[in-house]
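Here's the structure, in structure tokens; my notes come after.
Letters A, B, C and D name the chains as they come in the text, with residue numbers starting at 1 for each one.
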Amino acid sequence: MNIKVKDHNLIIGGGILIFLLLITGVSFFYLPHSVTEINTKLKLSPPNFPYLLGTDNFGRDILSRLMKGSQTAFLVGIISVGIGSVAGVFLGAISGYFGGKTDEFIMRITDAMMAFPGILFALMFISVFGVGIQNTMVAIGIMSIPTFARITRSGFLREKELEYIKAARVRGASNFRIIYHHILPNVLSPIIVAATMSFSNAILAEAALSYLGLGVQAPNPSWGRMLSESQMYFMIAPWYTLAPGIMISLTVLALNMLGDFLRGYQER
Amino acid sequence: MTIEIKNLNIYFNEKTKLQAVNNLSFGVKKGEIMGLVGESGCGKSLTSLAIMRLLRKNASFSGEINFLGKNLLNLSAKEMASLRGREISMIFQEPLTALNPLHRVGKQIGETLKIHTSLSKKERKEKTLELMNEVNLKDLEDTYKKFPHELSGGQRQRIVIAMAIACEPQLIIADEPTTALDVSTQTQIIDLLKKLNNKKDHSLLFISHDLDLVGDLCHRIAIMYAGHIVEVIDKLKDAKHPYTKCLLDAIPNPLHKGKDLYSIPGRVPTLSERKNGCPFAPRCPMAKDKCHEILPELLEKKNGHLVRCLYV
Amino acid sequence: MIYFIKRISIMIFTLFLVSIISFSVFQIIPGDPALSKLGIEASQEQIDTLRIELMLDQPASTQYIFWAKNILKGDLGESIRFSRPIKELIGERISVTLSLGIYAILIAVAIGIPLGILNAKYNDTKFGACLSIFSQAGLAIPEFWLGIIFLIVFGIIFKFFSLKYVSFGDDPMAHIGILTLPALALAISRISVVARHMKNIILEEEEKDYVRTAYSKGLSMNKIYIFHILQNALIPTITVIGMLTAGILGGAIIVEQVFNLPGIGTLLINGVTTRDIPLVQAIITYIASVVVIINFLIDILYRIIDPRISI
Amino acid sequence: MKKLIGLLAVLMLMVSGCGKEEKSSNENTLKTKVDGGELIVRISQDMDFLDPHKALAAGTYEVMFNVFEGLLKPTHEGKLIPAVAESFEISKDNLVYTFKLRDGIKFHNGKNVEVEDIIFSLTRIGGDFSGNSVVRDLAKNIKEIRKIDNKTVAIELNKVDGTILSKFTTAIISRDVVDIEKSPIGTGPFKFIEYLPGQKLVMEKFKDYWMTGVPTIDKVEFSIIKDEQSSILSLQRGEIDLYPRLGSTHISTLENTNNIIVTKQNLMQILSLNNKVKPFDDIRIRQAIAYAMNSQEIIDTLDAGLGKSIGTNMSPVMKNYYNIETEGIYTHNIEKAKKLLKEAGYENGFEFTLSLPTNYRFHADTGVIISEQLKKVGIKANLVEVEWGTWLKEIYAGRKYEGTVIALDGKIEPYDILNRYISSHRRNFMNYESKEYDTVMKEITQTTDEKIKIELYKKAQMILAKDIPVVFIMAPAGIIATNKDLRGYTPYPIYVQDISTLYFVK
């Protein structure tokens, strides 16, 4: 198959993602150094042999914290996309398929939720239910519900009018069966594209929340937390802040490129 | 001859190189209405786009299109642009989408004049109103200001025609101009085209899939099948080529009342399925073995009547 | 006209919903505003008297009705932390957030649209591929990190931009100078969004018939782009800009924190940590209503510009 | 009269000299003093109230110290000198304090200060003026305020209180200022100009300030910057001249662009363990934790080795009152810690939640190090970051916590530093109860004889050191960064920035 230029998204995006998944995979079995062990003498040392990416202000190895952090990043991504997509698609399906009052009601709620900038919503949610990785994931998940609902609803509105649905109804298929069996598969591809996008948004949101001090709890490492903690040492230890920053940007870039490829693929 | 096409070939290079039109040759005389007929996918629209050099990026072509002493296929983009609208113009099938939805129709007609003439704004408006009148549009001042979506299909097609004739071009190409219109508007538009052709001496290349329509309107008709011209005749009734005859039989007419309608067996081969030999052979009722091997020449039977068939 | 009225009623209902959400969220937050205000030293009875003064001991419903009535009257109540009318506080600082937001949107549009056009024009070429990677990269970098890097690179190392906030009134040029860096940090990710939408819209428009008609009239490629394709592409772009507002305001909260700009973002974060409930509710409702109103205006603007749709 | 001067001399002797070691780097003497100039000071919090009698937050007093003055005024040596009052006498039975008004002292609006203003101010803190909820401790103990003549006023107390003197620093304001919140007029070296919440508070030099030759700076802007990162950057860009309470991590970055002044702070960082919660009610557990913790490692990691580990709730800054023997009782010793854990029946350790306030990065990081150190003896400390509003309500007021890390700031009066540990004290969030400690603290208030008070203070500190209701970590170093050309910074043992002694050089 001759990979044409349009497929650069797949090659580069996929490549980076595989590299990151590799790191995460390895991190489950082997970490160069303990993630929490403190040794003050090695505080903020530049990248050298035992500590490939240098050490942070507690003398902990940055590379192993990044690898452990990748677990948190993907965990946050997967669970928040999970929550967002399941709830969002469910709401979108109902409002798209049944229309009328339910559609109006659900759409107004999503409007209201969309009115809050994402960060604001998470801020409120976490101030109420307290900080911690679970709440961060749920907050980011809820933040992505409106986008999924919107995409699913427009997909359902489009598919609902088509003949094959009328045919299914004529054959006496129940509403649930029509939604689940007939319409959903056809609406799936824009949802998958949205899923990759909201996965990358989840990682960005976790970083932003950690910057505001609301994200994942010490001492377990998360990229966002490392980024916000390291910014103070930008002048004396630039490698400390560059490492998490680059990891976040690479992951988000890879996911966005895959999203674009899928979007291109979906239209073809 | 206003325009003469010699062995025009058009290829699509997707995964592999496919030939859509193969060495097409025909000419249109000055003031003549030439019909180009064929089922969809036979390459007739492609030919018109080739003449206007508006083919997609992934299409390539060879051969010659001589028009006003120049081979259009070798012209630079700039030279071609100066010809378009001034010497050759085109009328499209879908009047609904052919006009820019955001500009008023009068202005869109004026735009052609603006490019090719040095008329002042006021003069351009007068000329536009004149053109609109020529194409039988009513309450001109009011329609001038309207947007495309505020006009009916027929009115919109008249606007497109007005645009086409604005600079008195030598050749107008009409690519199925009436297919999207209802029957009554269709006849009005055809009469309009006929009237315009008589009044002015431009030649008209009329592309359609409707044999009846072409029969009344055109002085000469070329029938295309799978990228080749199979027959060129003046009157449909003295058609010789089996494919033309089959097409004529397929037209429902009161004489054959009670008999079931004839339809040609099989279907039009796609670009990749085309083999050598006569393109119509697989579906031709008179097909012999030789038909499958050699591609017949387009030979002249009687003055101007050309046929591409071994056994006619 | 009926569409107009329907849209307004929807908008009002959404705003009502927004106020309910923002009010109820802060009722169940742990932490006591009076204690946060008076700090460690205050005695219990000093705190209790302040709580009564601020009606904090009333049931939530009475507080909401009291608050909603005031909002309709335009009185946003008094901030606990700063013991000053909230309207005044927001009034002083809203200009910072708004000028930051508008500045960011302008940059995003000014760079996003041409980038989108270039992306569309060189879509299948090597250069096009690099362009699209570049524009995607913008989306990938977290705003606050970008802000910090700008702050340090342009603020400290090159000393281009001063960081001392100067209000528009005192010195407009310096005001714009100061907002450039934060606006850039905020705009970079929006540039990619605008560019991507622009590219897709242009690719769509290129296929349309009226473009072929324009070619057949003898127009040159550039003229066709400017007069025909871009105009038709601009209408959907307005909705894209509308979508940006929520994101921009969210981003502004963070960027203001990084650049220490006295906008309502920093005020909000301050309010949340010191449990200044009336202030936070007012700001959240304010931001949400700005987003809802802007989307409403964009929707109306969309209808006015596009002749095909009658209001 | 003789008694008065004797008392003053003794006071001077006892609380003399603290925090004056100014180790400012690269000081060159070529530069000459410049008159006037505009100073920008970075502070991190907003004012709670501008009205001095309502304001309670430490951050407000730090700034408004330059605007308002009381009858007496604290100095950088922790002494009390007369300000609005020229001198004062205490009656033999220690019940009547007579103050003589300094003649010629003016308010910022140019009006002379009169005895009626003093009476107005001292009655105002009794809480009887309109709608104010704040009743000060001093007011509770005032029986009567009498005007003797146009120059003197006498204040009679209900009962003797050796520690009351420091309360006379309460601000004296003019009786005919309608709204003190809008126009805070006092007698201090600087006059209030404007306050933009979240942005800045501006004040300018008060020309006819009673103390001659002071202040030199013309205009002061307290710039409120919450985010540490951007304030450091503004400092490097020279847009901030004075940056108190700098994090030790930034010393190396700022060394060449600014002067760094390192002093001892009157601040005690503690690991507070809730004495009412199992297993912290058992003293052996608290002792084990004290042995397991290595405060020197925390000081080296987080305070660049400049802080000083302490054994009790008193900073060495309070020279004369500080009990030196309390140092080194619980030095870092893993075996002792394990032995104590075994004795207390927690052979293989236990788990507890260590709540850390999010807005103090210093304490949160300390918590991280402590949890690592405790792992070595099998104690698992689960870190939970708590937002400041919640910390105040749930932990500080509600006492619903197991362990937390916080710092307690010192006061002029040693009694105010140690009274927190009295069983009945409203802010004893450690839930520490010791009859012996309560009686010692009670005796202190009975006497005004300094020698006895010092002995009692030292005894109280020793009880705390032995009982260790909380594990005392360190007295963090006070690090201040200033503009290269700023001189005359005088660190105070209390949470105050005295601008009057500052001047620029060129």
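Methods note: a residue touches a chain if its C-beta (ideal position, glycine included) is under 8 Å from a C-beta of that chain, and two chains touch if they have at least 3 such contacts.
Since the structure is predicted, the reported quantities are computational estimates derived from the model, not experimental observations.
Peer 1: Identify the chains in contact with subunit C as well as subunit D, in label order.
Peer 2: A
Peer 1: Taking mean CA positions as centres, which chain lies farthest from subunit C?
Peer 2: B
Peer 1: Please tell me whether A-D or A-C has the greater number of C-beta pairs in contact.
Peer 2: A-C
Peer 1: Closest chain to the overall C-alpha centroid, by per-chain C-alpha centroid: which is it?
Peer 2: C
Peer 1: Distance between subunit A and subunit D based on Cα centroids, please, to the nearest Å.
Peer 2: Each chain's C-alpha centroid was found; their separation is 46 Å.
Peer 1: If you average the CA atoms of subunit B and of subunit D, how many Å lie between those two points?
Peer 2: 94
Peer 1: Can you give the whole-Å distance between the Cα centres of subunit A and subunit B?
Peer 2: The computed centroid separation for subunit A versus subunit B comes out at 54 Å.
Peer 1: Go ahead and note the Å separation of the Cα centroids belonging to subunit A and subunit C.
Peer 2: 22
Peer 1: Could you say which residues in subunit A touch two or more other chains, in rising order?
Peer 2: 127, 130, 231, 234-235
Peer 1: Among the residues of subunit D, which are close enough to touch at least two other chains?
Peer 2: In subunit D, 229, 359, 387, 390 touch at least two other chains.
Peer 1: Can you work out from the touch definition every pair of chains that touches here?
Peer 2: Applying the touch rule to all chain pairs gives A-C, A-D, B-C, C-D.
Peer 1: Which of the residues in subunit C come into contact with subunit B in the complex?
Peer 2: Per the stated touch rule, the residues are 208-210, 212-221, 228, 231-232, 306-308.
Peer 1: Considering the complex alone, what residue numbers of subunit A touch subunit C?
Peer 2: 4-6, 8-9, 12, 108-109, 111-112, 114-120, 123-125, 127-128, 130, 200, 204, 207-208, 211-212, 224, 227-228, 231, 234-235, 241, 245, 248-250, 252-253, 256-257, 260
Peer 1: Which bits of subunit C are touching subunit A when the two form their complex?
Peer 2: 10, 13-14, 17-18, 21-22, 25-26, 28-30, 123-126, 128-129, 132-133, 136-137, 139-145, 148, 152, 156, 196, 246-247, 249-251, 253-254, 257, 268-269, 272, 284, 287-289, 291-292
Peer 1: Which residues of subunit D touch subunit C once you look at their complex with the stated criterion?
Peer 2: 46, 48-49, 56-58, 131, 133-135, 181, 196-199, 225-227, 229-231, 233-234, 236-237, 239, 359, 387-390, 392-394, 396-397, 426-427
Peer 1: Touching residues of subunit A toward subunit D in the complex: what are they?
Peer 2: 36-38, 40, 43, 57-59, 127, 130-132, 213-214, 217-219, 231-236
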